[in-house]
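Scroll down for the structure; my scribbles are underneath it.
For clarity, chains are labelled A, B, C and D in written order, and residue numbers in each chain start from 1.
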Amino acid sequence: MHEETARTVLPPAVFAYYRDGIGDQVSRDEAAAAWRDWRFAPRLFRDVSRVGTEIELFGARLAGPVLAGPTALHTLARPEGEAETARGVEAAGSLLVLSFRSGRPLEEIPLTRPWWYQAYVLRDRSVTERQVRRAVAAGARAIVLTADAPYVPRRGVPEAGPLAPASRPPELEQDPALGPDAISWLAAVSGRPVLVKGVLRPQDAVACVAAGAAGVIVSNHGGRQLDRVVATAHALGPVAEAVGGRVPVLVDGGIRDGADVLTALALGARAVLIGRPLLWALATGGADGVRDCLDFYREDLARTMAQAGLAALADIDHTLVSRVTHRPQIAINRHLFG
Amino acid sequence: MHEETARTVLPPAVFAYYRDGIGDQVSRDEAAAAWRDWRFAPRLFRDVSRVGTEIELFGARLAGPVLAGPTALHTLARPEGEAETARGVEAAGSLLVLSFRSGRPLEEIPLTRPWWYQAYVLRDRSVTERQVRRAVAAGARAIVLTADAPYVPRRGVPEAGPLAPASRPPELEQDPALGPDAISWLAAVSGRPVLVKGVLRPQDAVACVAAGAAGVIVSNHGGRQLDRVVATAHALGPVAEAVGGRVPVLVDGGIRDGADVLTALALGARAVLIGRPLLWALATGGADGVRDCLDFYREDLARTMAQAGLAALADIDHTLVSRVTHRPQIAINRHLFG
Amino acid sequence: MHEETARTVLPPAVFAYYRDGIGDQVSRDEAAAAWRDWRFAPRLFRDVSRVGTEIELFGARLAGPVLAGPTALHTLARPEGEAETARGVEAAGSLLVLSFRSGRPLEEIPLTRPWWYQAYVLRDRSVTERQVRRAVAAGARAIVLTADAPYVPRRGVPEAGPLAPASRPPELEQDPALGPDAISWLAAVSGRPVLVKGVLRPQDAVACVAAGAAGVIVSNHGGRQLDRVVATAHALGPVAEAVGGRVPVLVDGGIRDGADVLTALALGARAVLIGRPLLWALATGGADGVRDCLDFYREDLARTMAQAGLAALADIDHTLVSRVTHRPQIAINRHLFG
Amino acid sequence: MHEETARTVLPPAVFAYYRDGIGDQVSRDEAAAAWRDWRFAPRLFRDVSRVGTEIELFGARLAGPVLAGPTALHTLARPEGEAETARGVEAAGSLLVLSFRSGRPLEEIPLTRPWWYQAYVLRDRSVTERQVRRAVAAGARAIVLTADAPYVPRRGVPEAGPLAPASRPPELEQDPALGPDAISWLAAVSGRPVLVKGVLRPQDAVACVAAGAAGVIVSNHGGRQLDRVVATAHALGPVAEAVGGRVPVLVDGGIRDGADVLTALALGARAVLIGRPLLWALATGGADGVRDCLDFYREDLARTMAQAGLAALADIDHTLVSRVTHRPQIAINRHLFG
């Protein structure tokens, strides 16, 4: 259990900063549980002697449909921070979505394979523009526009010496008046495809595509922005249906093993992003931990696909899963031959 | 936790009188839980640089859609009772619905902003008439007719010296034969709009409007009249739909934070009323506590609206919420990278 | 809590005999819980200054729609057994359905008001015929044919001296080949209306009526015959709908207070029968206990009806109740003003 | 409770090998619980003086619709292993499906009544062919093709001396490229009807029938292959409906008593297979234990059928059962007369 190990190696405030959601933690806790409400009906008599998990996303070939999602301030976990993360991600053949709130300057992060850059649009757009241009110059292949965070909730950012962000001046806050034009603006600034992260409504997904989004990411920001937001395991299906394959739909939130990944793909996702588990892996194992974590997801997905009679990602469709409408209560009475 | 603090500062009998519902407490306990069964799907790319919570209700401008509901005998909590409550409510820019069972004569309560008066129609209507005329003379802008209490259940009213109501003579009991004509009678007596409180059925709401009600309040009387009454979080939607905007629909019962308020508005309420939390705030903090409590609701609503992509109350509609049909069970098994 | 008191005054084997259902006790335990899954939506502005609970059933006028159901061997609880029960039932203005397995000869039971007789049809029908003729001679107004017990499960009947039934000879066992002709046979033998007890399927109810039944009783035999039988709170509605008012539908199983009674009436029952609670009341209070128990049900029903805006039994219909499809989880997190 | 007794008599590693499913044990634990979510509505006025449970399956007459399912390595439980199992199964008038991974050579197992042979198709089909021919020569009446195990998950097979399978060479692994042609190949090799085990999808069931399957077995392999596979109690109905009676549908997984068997038959199964309970019975009671276990299932089914008004297997249909959509919560509050 990397989370429990991470708890022992991280300063309590850092651990809490990574782990905590907002409010009553309803959405944070529900995230993982909601994936587990789906059940598989495997297919029989399919050739699963080889199982392929490779995907291509915006020209990048990845070992599996599992990406390293954008999370802030990896330097709180390890001195080298995002540099270690990047090495682990590349070793696993995955793709890093580097956070706008990276603990290290992006130029210092060793990135030799495709990576994406996550952007906040600040009140002072020139800051965002400068950052995005730096990212593109450093090789970012796509921009992920986080659209579900008009404000940063007052959550305790640990006072960890020079790494703790000072109270931001207003012009460096996220722009709470952001409109869909931000998509085309970012595309123009970057010359890169722009994915919108934080989509939970089908109509918003459609609007994003209409406004030029090259992809949408179903996310509730780890339950860190607004409590009682719908679980992404419940929101994904309707969003994917509304998008209808016009652009890739990705998803994050509470994905903890290969069965969760497979469920997400069955519900219409092209790929998933991993957040906290990578932080725990980074904290406890550095670059190797990150690589092992992503390898685990990919291998566990492959194992799960094999046992479910699925040789290729293209074989996965919604008939694979059904939702339990109520969890049968584990019997507590015992029988003669139980 | 003001309730827990209140438990320590109030005499046990007073605390129990405020807190207890009837019977098995099913409806009291279910009230708050039922709001939490709704999930939000925030909207993206909306300008939430300013979030407005102000509303106008029957000519009164309020800082937010959160009112102080009518609860009895505030003098049990603090010597000045409703006087402190009123000061707190006004300081928060909210509106007090003064209880018919006020612990203090209404003329002694300092009310400079709009307020409403809650009325029971007694067997001897002249008593009600006299009270309502006094209230109107003292400035009441509307009358709230509590219609869901044909009888007062035998609940322990604490024996707290001169404030404890003596056993009432029959003519001072609530009239159990009350018909819908009471609405127009109260309107005639008061010259004020009359809202009916205690509506749980769509057909009753429609009948109230037909009988002249200027508004309806979905309420189950705090679970104090009849156990196993439906939760207002479940009854609100159908009532609001039946009313169809002809008059404002308000709601109370178990509303504990801004997310609950937002849920109520999404389900069709124009505003909500707060009961027990204000009693706890009064008991522990007097007028300042009441003000802080109402400020909290308003500010928390604004925060929640901002993160949900809602700049104005008019932006809120039923597409914001979906009901969880079963609460995913929080996973107890741990994974390698969980 | 009479059950807990009864546990202390009854020999353990007698207490267990009364209390235990069969198997895992799923149906026994679910019985009461299932009624509590319904919620009320009270009506407003109805004259409830007088609430009437009186009913007429097959010519008998009863104080309320709550009958004493047939349960066996009251002499295990008190020496006078059914004689005390009968006195209590009559004092409450209710109606006794005397068990075929009465602990006392029916002629020794003081019955001055209408009562019914419960019959098993044995393999040797002449035994049943003789018993039914004795019952009619003693004044039984109707016969209740228990049809859901083709076999008596091996349940421990306590060895309580001369009262314990010896192992029965085959001809005194219930006839497991019983057909619907038993209804008309019993009607002919008795000259009385015959109600069929144990109906759980709509089609069976219709068949009973076609075969001459004057009424049907929805029952799962207290969960004593077959575990995992459907709860009567779930079976009642469809049965009542199928019967369509042609004959009275009664129900038993887990009815514990006036709200349960009201729910049963809303779902289509004309009256309810009480089982175990009367045994506990008999064991702990004798005839007075039985009377108090039935008075409690009637008075609690009247109170509940009044608060629900129902002055007469005829005002009760299915719009009163809605079923909770999942029980909201009581919030365990606390809020600033919770 | 044989499982608990078995825990005390088996080496811990053997007990765990038999008991454990895969992953979080969701599917293993849900298996039994899911049957218990169905409720019975007994029929009235049916002649149940004799209840028949005998069935004929592919020419074999069995005492009841309860078979001994294929489980591996009975020699881990008792020195004689499958020999004892076979004696117990025959004594109960049931039918053994002998495992491909039998702990003893099949020729040494005393089988005088009809039995079936379970086959894996290995990468080297000649091994399977040889085994199947040996089984047919020894009298196997049908072949059960396990189709839901393309790979053997790394589960701890206990190191129990010479009985522990060595790490298999690749050609002895199950063929992960198995196609539906395996059905007709096995039929040709064996000259026997072939049933496909592991079916969970209606469309797969239909495909199996089209490919020559003489029967399908709804199974999730005891939750040992893939976690979060759908419970067979939920998958059975749709599969049986799709098959439409063209071939027999059997089912296994979590069947623990006669009520579970009856539920399975009501949902469309012709017979059920028992797994772990027979292992516990074997471990604790040898051949007699196995016989008693199967007798218990048959007798408990007969008892349950009788009380449900069912004299013959042909009387059982889907109207018998309804699924509880949410388990009513057992009331914890106590009432005056509760």
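Simple rule for what comes next: a residue touches a chain if its C-beta (ideal position, glycine included) is under 8 Å from a C-beta of that chain, and two chains touch if they have at least 3 such contacts.
Here the structure is a predicted model, which is why all the values come from computation and not from measurement.
Two copies of one chain, subunit A and subunit B, touch each other, and the residues they use overlap weakly: the shared fraction of interface numbers falls below half.
Overlaying subunit B on subunit C by C-alpha atoms takes a rotation of 90 degrees, rounded in steps of 5. Note on chain placement: the centre of subunit A and the centre of subunit D lie 41 Å apart, centres being C-alpha means.
We define each chain's centre as the mean of its Cα atoms; on that basis subunit B and subunit D are separated by 58 Å. In subunit A, the positions touching at least two other chains are 36, 325-327, 331. Note for the complex: subunit D touches subunit C at residues 36, 38-49, 259, 303-304, 306-309, 319, 322, 324-331, 334-338. Contact residues on subunit A toward subunit B in their complex (touch as defined above): 1-4, 23, 26, 29-30, 32-34, 36-37, 147-151, 153, 175-180, 182, 196, 198-201, 203-204, 207-208, 225-231, 234-235, 256-257, 277, 280-281, 293, 296-297, 325-327.
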